[in-house]
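Going by the order they are written in, the chains are A, B, C and D; count residues from 1 in each one.
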């Protein structure tokens, strides 16, 4: 049985499987319409094994703009340098893990050493950047760093190669923030210009572009991409995938329906909200969308590396 | 790309996709161990397009005992008689639907006529049953009804053919309850003996049997199968798939971990709890488990009808 | 600061606190309108400390019909006989608890002895019932048992005293089911007539009655009360409180909006759906509703015992 | 009945009400221990009516450091200038709202004019800041702006008065981001120094301080405060209140247990995770904690304004 047949079967089941199919169709339509596609995800998606899949999506030209949180960037760099995360258990003994120097993210484990080595990687990179100029936007910084990673499963590497900007509106909210701060202690004129980066995301599209959103999880990643679309007239296509529910009024749980009241997406846009764990729903939807797009000549999927 | 490759990919992603893989492995193990498999689901699973898939699981001998709620039984009969449910939208206008005679179950629509025709089907069936004897257990009744349905996509039909008992501890909680009551009005000595049916579920397994649980959604279906296992020494294998969370102390959200405190499942049992919409998670897990079991000669999957 | 002031404050906060206030107002309105009030709850609500509060609601005439699952009935009887449950932790070691003979329900602990003593209580009760007659509906049985409990914090006791019927459509789904089965082994003509009990719930109200629903949690308790209202023309007032979400198409998560498509509640009914843990939301809403109703002379709240 | 009695009653109910009581006790203990208290919340909490309550918490010295997202800051300023948000419905017609110029946040409505007026307020403020100096950290900026607001229900105003720093690691992710960008277009040497602000949050506490976390909702607000505590040796006390579940491995749903593996909170810390809508759980917990702290002389609660 093929993955497509499985997805076809799911499309007629009902409840969230039907919404998943709507997500597939919306992704297919936004790509066929030549939309500028904003792709957002939370850090835990990079902690998970989806990183290589995301990198491949960039490589094949499936997405045009990325917004994420800094934890995901850090882990992308760690993994590019050979770090491996461990599949563990949700119910693990956290005090025992702490003693062993292991940090838990749900049912995934990250060793303290991964963070320690990250320090050794980032220091020289910042020095190199600083030599070039003193004032950097985040997306420029990530592009420079990405070029150095040389790992085809790296999000930053593929994004740098394909000139897909990677935005991260809260760049200091992680280990990288700490290293930036340490570096600035010694180099007071070093500036990370987040305001300028806002113009970068704003001008990476326009009112005239057809725009699409694929938002995995909530957080400022989701909001920031939506904001950039809103300020450019609203998106024509939107897929939100999340475990958050709309009932608490949070951004994370806000639906594509709520988005219409704001003009974040257009009144007549194609849109789908899928509630469920993105580690399951996204690969299924995207693999199916890619198969359709590949068959119709809109993207060229290579060898089958994935997840 | 094959469904197996997709599932393999998912198994390394993390979070619920990892738990999904654990569910696959647990299902494979319970079948290979020759476990008596209790399969439970809520009514909305039958409202959805999973009904034919469930029927096929019975047909190929994948499951041994079924527990569900009466709404699912009603809809299985309706569909066996040709009723079709409609894929609609969660945000539909419910007052307008009401005026059109349409009942909403999430994003699925059921017409009033489906219920009206159900009345015409059930009446003669009850008469026939009553002629045979006056006192029936629910599982016996369903077995008789199943034989009359002659629809290979019907859960009751396949269960009757394969002598898989179908338990329904709250048989009056639906339209069928109403028709049973109407019938009893005219036939006072007609008795549905739920107490006797409890002995049926209790004796359909034993302490000596290896026992497995596959519970989709919560409700009394889940609890009843667990109870039957508990009273027979606890299950060796358990897979719970649900959207309910453990934090509110409900049966629906109770995890396989909590089950160990009760002896519902054994301390060293293989178990997995997958949080997410069953309309997505179950087909993926079960299709993958079947491919493994088929390859290893433990079940023979036919033609590929599914979902 | 008074509880009323707190509730008043909450009513203007937004998100679920606003829905909570809508629940308060709906409860007040249904009582003032003289509605026949159906009150449903899942077993875990009785495991929790809400049991005494529920009993008090019956005592003061706040509710007219009760529907629940059998686990709650069992625990009501256990507690009436002096059993005490322990407040524990969600993350407790379940294998260790099992060895100590402790069963976990979320963060509450129930000792094995509680179930063992239950056996000693139920046996004589069934004998007594059987002496009176051979064929019982569940609600009649519970009324007889209730009269024997003599505990003013008991749901069954207060319900029996106030002639509030207690329905339990899946009476065999628990320890009581096991004891009924054992008793029937020795007394083959002992019959629990669930079909007849369906007529009891159906006729405890009518098309002419104004009807109200207060449903805590999901499960067949919720569905059964709704069904009884539907078959009597639909409810004028409905409050659903649950942690389940509407997105999976389950009965537990079905909203008062969805209910309108079915005619379960009337198109112009007053209705509120509050998403959240009932152990928090219900006491707050009901205490506030009672204060309003007490002040306006619709109920007489006694001494302040509660929760 | 007093709010304290209500809370006392809840403390014995079970499930999340018990966790709520643990949150109360943890808040009381952290204050009595003289902890440096980090208080974080998501924007929708300020959209809701909790803003005035938060301002009061600052005023009475209950919290020492604030971390939030920029949407909340914007709305705090709008409301300080007289904007009023409307309580609406979750199921409102979003296309119709859009035509009326109304933006929906769950069941709250914000008019377009509120955003338009915000523009007029922010422009002059930025000019004034720029005159003083060219390079600002976010927390300094907010302190200056706060002093101008002159609204005792304003978070920024009270924080500025009480010298409670307000951190916002993603300052550009909202309307303010747009205005900062516009201002920088004309004033290229205007810099918002987020890296420097990281040192501010890092140095607002120390390894020697006893540290407490009160985190409402998830997002980078929660993570940023936790990070500051982690880098200072971990917190001794932590209360997380959220609707997010731990099962998807997100930061938002991460529990205080998971935090121990990282050393975010100490192994022997007092901690509580309450799952539920913060619009309900937080006011109840905090009002109760304040009553205890007030009675014991640790804070002085004024007049009763709240929520």
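One rule holds for everything that comes next: contacts are C-beta pairs under 8 Å (C-beta built on N, C-alpha and C of every residue); 3 or more make two chains touch, one makes a residue touch a chain.
Owing to the predicted nature of the structure, the values given are computational and were not obtained by experimental measurement.
Asks: For the two copies subunit A and subunit B, what rotation in degrees overlays their C-alpha atoms? Round to the nearest 5.
Replies: Rounded to the nearest 5 degrees, it is 180.
Asks: Contact counts by the stated rule: is the higher one at A-D or A-C?
Replies: Between A-C and A-D, contacts are more numerous in A-D.
Asks: Taking each chain's centre as the mean position of its Cα atoms, how many Å separate subunit A from subunit B?
Replies: Chain centres of subunit A and subunit B, defined by C-alpha means, are spaced 37 Å apart.
Asks: Where the CA atoms of subunit A average out and where those of subunit D average out, how many Å apart are those spots?
Replies: Their C-alpha centroids are separated by 26 Å.
Asks: Please tell me the distance, in whole Å, between the geometric centres of subunit A and subunit C computed from their C-alpha atoms.
Replies: 45
Asks: Residues of subunit B touching 2+ other chains?
Replies: 14-16, 44, 47-48, 90-91, 106-108, 245, 247-249, 257, 275, 277, 279, in rising order.
Asks: Would you mind writing out the residues of subunit B in touch with subunit D in their complex?
Replies: Subunit B residues touching subunit D: 14-16, 91, 245, 247-249, 275.
Asks: How about subunit A: which of its residues touch subunit B in the complex?
Replies: Interface residues on subunit A, with respect to subunit B: 1-6, 9-10, 12-20, 44, 47-50, 85, 87, 90-91, 106-108, 257, 275-277, 279-281, 283-284, 287, 291, 304, 306-307.
Asks: Along subunit A, where are the residues that touch subunit D in the complex?
Replies: Its residues touching subunit D are 42-44, 47-48, 69, 71, 90, 92, 94-95, 97-98, 102-108, 135, 169-174, 177-178, 180-181, 184-185, 190-199, 202, 217-220, 223-224, 227, 231, 243-254, 257-263, 267, 277-279.
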